[in-house]
């Protein structure tokens, strides 16, 4: 029926070539800032690829993280590194090895995965049982169901990892700076372009984030995507000097950061009384799942925001 | 019509690819940053063009990209100031 | 009727893609940062505008069509604002002093 | 009471656009009206917190809508202008800088002036220093100064601001 070579195939082929090309450029270019920009462009391409694969939830996460937040994080990191270009003459044997070893490891893993994907017979996937048991989870989005119900273990551990990362980042704070606001003290021109942008965009981002959160229950999106959007507009308002960055000793920011993992753990433990660990009873599945999702969104937003801003520091 | 959209989207991919030259060559960081700006705008257009072949959910990806695509550039102009936390407009000439 | 719609859509698509091409050409060929910013800001947002127009007649309903317009407006707003910041960031003393101004 | 009423009006002027934005995002799904109420309410509260209502933020939507066609037309001209230069074999450019004394109030109005100039033919806003706005021009032969002045006047009219009385 469909022609062997359509515009859709052409698009997909060009996209694949570009993804690999940008990835190679990004990892081989000497200028770190160029590598960062290439990584942002890579994020845009990968988001498009996920859309083409029909994985809108992943595409949303990639667009928010890869093309949005990672860029902010890495540009800040590159700016802190004073030496951006390594002198061409200083390529020693060790530097060469430091490139070859990860590259060959990556190649090995990629070819192993490719071998598996191409040789495994896909007689039966988990798709049918996931969809069959969907009514019991309280949500209609199969991805959310997997994340918060079937594989709730993974998600609980993931959010705990995120929280642990935040604590690790707080641990790098210099002693005499503990209790100060996260990151550098931001300052901007009063009523300038940046300040105006930072006053105007966050409400719009808030609505988009709530939309992605709300759609996450039944269609697409979810806690992680919405949390990332909230974190991004929060950071924008802080960078624009409109609101102050929180400090690690603040009680409200701490409860924000811990709300998700804590509520999740609480639900998991009360499940023990009913049946077993981490069981969400069918009767209360919908409100409970939404509540977990809401707490997780808050925690992810606060944690990502604090991680990107980093430990308190004083400008040199 | 879907075919026409995908052809257009393919050409847009090529325009981003061409701009990689500017990202690699620079010379200034602002020049490289513009490559990311272009990729974000073109990415929004590409996502809008390929969404008729799928679900309306794909437009939400375009929406998120439209919202957050400019943030990296904001981080860039802030990082380019003297103390890394300022505003390019503050610095007196 | 539908032939006219199809022809218009294709024409708008071509115009949109042409503006994106112009943006890339400008980014590659213009001599300095500020000239390149002109190309990026003006051409690409206009290209996105024409592509949005081309998609409107094919949109499933009025809400999808409005969403497309919203996405375009949001991109344009963010790009035009941020381009001023990049322009200012790349501005050095000697650039402005050469011209007395009005 | 009068203050309360004015406060409510200010809030409503933001709530309604946010609510419309939500309805567009959700394709007018009636099941989404309740979360929409929360979303638009939260956005209004955040917006009033970040940008408290005042004279300067008071935008007349009708005059703003009347600006749109002219602005869109000029941005089309801007795109054509820059596209022509980009494709031209010799890329004809005569770049120059203008230091323009802005008369509009600081904040939103000035940023919109800069944004609109950045989309119009030959001009690119590059921020301010005091009341001086730096504007980069692609071609010194273009009548840019007139274009800048008339754009500023159009924005002033849209927000009901008197340019003449702004400066001493």
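Read from first to last, the chains carry the letters A, B, C and D; within each, the first residue is number 1.
The working rule: a residue touches a chain if its C-beta (ideal position, glycine included) is under 8 Å from a C-beta of that chain, and two chains touch if they have at least 3 such contacts.
Since this is a predicted model, take the numbers as computed values, not measurements.
Peer 1: Name the chain with the Cα centroid closest to the overall protein Cα centroid.
Peer 2: Chain B is the most central one.
Peer 1: Taking each chain's centre as its mean C-alpha position, how far apart are chain A and chain C in Å?
Peer 2: So the centroids are 28 Å from each other.
Peer 1: Centroid of chain B to centroid of chain C, CA atoms only: how many Å?
Peer 2: Centre separation, chain B to chain C: 11 Å.
Peer 1: Rounded to a whole Å, what is the gap between the Cα centroids of chain A and chain B?
Peer 2: About 18 Å, centre to centre.
Peer 1: Please set out, as single numbers or ranges, the residues of chain C touching at least two other chains.
Peer 2: Expected reply: 23, 37, 45, 47, 64, 67, 70, 74, 78, 81-85, 88, 91, 96.
Peer 1: Of all the residues in chain D, which ones touch at least 2 other chains?
Peer 2: Within chain D, residues 21, 25, 27, 111, 114, 127-128 contact more than one other chain.
Peer 1: Can you list the chain A residues in contact with two or more other chains?
Peer 2: 189, 192-197, 201, 204, 208, 211, 215
Peer 1: Name the shape of the chain contact graph, picking from line, ring, star, complete and other.
Peer 2: Topology of touching chains reads as complete, every chain touching all others.
Peer 1: So in the complex, the part of chain A that touches chain B is made up of which residues?
Peer 2: 6-8, 10-11, 14-15, 18, 21-22, 25, 29, 31, 33-34, 37-38, 40-41, 44-45, 47-48, 51-52, 54, 56, 59-60, 63-64, 67-69, 71-72, 75-76, 78-80, 183-189, 192-195, 197, 201, 204-205, 208, 211-212, 215, 219-221, 225, 229, 232-233, 235-236, 239-241, 315-316
Peer 1: Where on chain C does chain B make contact in their complex?
Peer 2: 6, 9-10, 13-14, 16-17, 20-21, 23-24, 27-28, 33, 36-37, 40, 44-45, 47-48, 51-52, 54-55, 58, 60, 64, 67-68, 70-71, 74-75, 78-79, 81-83, 85-86, 88-91, 93, 96
Peer 1: Under the stated contact criterion, what part of chain C meets chain D in this complex?
Peer 2: 18-19, 22-23, 25-26, 29-32, 34-35, 37-39, 41-43, 45-47, 49, 61, 63-64, 66-67, 70, 76-77, 80-81, 83-85, 87-88, 91, 95-96, 98-99, 101-102
Peer 1: Which of the residues in chain A end up touching chain C in this complex?
Peer 2: Where chain A meets chain C, its residues are 193-194, 196-197, 201, 204.
Peer 1: Can you list the chain B residues touching chain A in their complex?
Peer 2: Those residues of chain B that touch chain A are 2-7, 9-10, 13-14, 16-17, 20, 23-24, 26, 29, 32-33, 35-36, 39-40, 42-43, 46-47, 50-51, 53-55, 57-58, 60-61, 63-65, 67-69, 71-72, 74-80, 83-90.
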